[in-house]
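Order of writing sets the chain letters: A, B, C and D. Residues in each chain are counted from 1.
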Amino acid sequence: MQLNLEWAGAVLVVTVTDPRIDAASAVDFKDGLRKAVPSEAERIVLDLSQVDFIDSSGLGAIVAATKALGPNQPLELAGLTPKVASVFELTRMDSFLTIHATRSAALAVAAANG
Amino acid sequence: MQLNLEWAGAVLVVTVTDPRIDAASAVDFKDGLRKAVPSEAERIVLDLSQVDFIDSSGLGAIVAATKALGPNQPLELAGLTPKVASVFELTRMDSFLTIHATRSAALAVAAANG
Amino acid sequence: MGEESCAPVRPTRHDAAKPPSVRVILPSTPLGVRKGLGEINTILRASGYSQEECGTVEIVLAEVLNNVVEHAYSAPGDDLIALQIGPARAGLSFLVEDNGREMPEGGPPIGKLADKHSDLLSLPEGGFGWFIIREVAHDVAYRREDGRNRLSFRIAVG
Amino acid sequence: MGEESCAPVRPTRHDAAKPPSVRVILPSTPLGVRKGLGEINTILRASGYSQEECGTVEIVLAEVLNNVVEHAYSAPGDDLIALQIGPARAGLSFLVEDNGREMPEGGPPIGKLADKHSDLLSLPEGGFGWFIIREVAHDVAYRREDGRNRLSFRIAVG
């Protein structure tokens, strides 16, 4: 599972460059994310704009990562493509997670919130 | 690979109770047959009436076993089911190997030949 | 699980799609499922289904097939899953068959969702699969026959 | 390899069989091939092919698929074999694809048989595979494309 890391101040932007977070890659994704995020990160933006498909394993991995990072390192999502967005909506996970239209929108909000 | 052994005088009847002698089981079959036949066996009847399918690996294993046992311990076949018989015919192996319609036919011939 | 309730992955109706009749056999492994979904997507696109409709089919099949891999068979190995796709009165019909273990309660789980009022930290990290299936698919039926699991359902696309 | 030469596994003609459209993805392992042949057999029987016709298809596919397992791929692992079955002008058409190594001479072997006059002890213990394929199948064609082997042929059943 390919993850691209980039800092915007204290915000870590993690871009998933694989087109799928599915049963074949969810464990890898969760491990990769855990290793990628240092304690200095005050906020994490997960850029999913290159992800074309997610299934319930991928969804579970994102929920698990969000819970593991906890309220002090909020994980926020950005750039959901249509199929991915519909899975979040279908499972109502869109009402529990913070989702931004784009990565820049996510960073703008992060900057405004300090 | 399940082989059933039974003696009829000095004739050893080996019944293959698995439905397939194929690429997944041919090596096992060849090993099993080698271990099953003691030097006392003067003739071996391989009862294939429970075998529903054989491929070229299984055919090769039978040819190899026949060659390894040699002319002093002739290996003869009995009870070929239709699909199995057609593979022996197709490859012309039916003209090199001794094939009996049934196991009792094989034993009758063996008894007549001493 | 009525037509009304599946708003987010709403099937669009048009006349172009021609339901294929196809059988797909795939390895019971995560990568086998991924590959099979790719093939099915190609077939459905070629049959005139929209990208959105293909996405609807893909998410349901992903959940059904991954459940077989993870729950019906013990460990990824040489096991296979057989899938039949064909025309239905309204949409496409699907039949998924495997030789794995029987469904735990003799039938597929209900599939429930997190409580609306629960907070993030109490969210479940799994169990979304059957909720998605029941939310999107129709006429879900399960039977155990000849040591085989047979799960059939319909998806309203086309 | 004309229609005349495949006497022992002779296809019978009747009107009941309806050629199915099948996509198969198999693990490149001996057991994967065995299970795949079982699923294909089930589908062909359900499509109206006789037991004898299914046997004809099974032996050819067994040889083709086991060759991929044994010769194209280095060792049984996560490799996959893709197989497509569809209707042909006369019979069923097959396309087998793998990502393994190229056929040694740039094409499938001729497949030859033991000399009629040889004795038992000089019989070959292998190499029957391609003889069987060429004896039973028609229109055998091989091409190497995009690092993939594509072998197509037709079997005159149905």
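Definition applied: contacts are C-beta pairs under 8 Å (C-beta built on N, C-alpha and C of every residue); 3 or more make two chains touch, one makes a residue touch a chain.
Computed from a predicted structure; not experimentally measured.
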item	value
Of all other chains, the one whose Cα centre sits farthest from subunit D	A
For subunit A placed onto subunit B, the superposition rotation in degrees, Cα atoms, nearest 5	175
Distance between the centres, which are taken as Cα means, of subunit B and subunit A, whole angstrom	63
Subunit B-subunit D separation of Cα centroids, rounded to whole Å	25
CA centroid of subunit A to CA centroid of subunit D, Å	47
For subunit C paired with subunit D, centre-to-centre distance based on mean C-alpha positions, whole Å	31
Touching two or more other chains - residues of subunit D	31, 34
Touching chain combinations (by label order)	A-C, B-D, C-D
Subunit A residues touching subunit C - in the complex, by the definition given at the top	20, 22-25, 53, 55-57, 59-61, 63-64, 66-67, 70, 82-83, 86-87, 89-93, 95-97
Contact footprint of subunit C on subunit D as seen in their complex	20-27, 29, 31-32, 34-36, 39-40, 42-43, 78, 80, 82
Of subunit D, residues touching subunit B in the complex	6, 8-9, 30-31, 33-34, 52, 55, 58-59, 62-63, 66, 69-70, 113-114, 116, 119-121, 123-126, 128-129, 131-132, 135-136
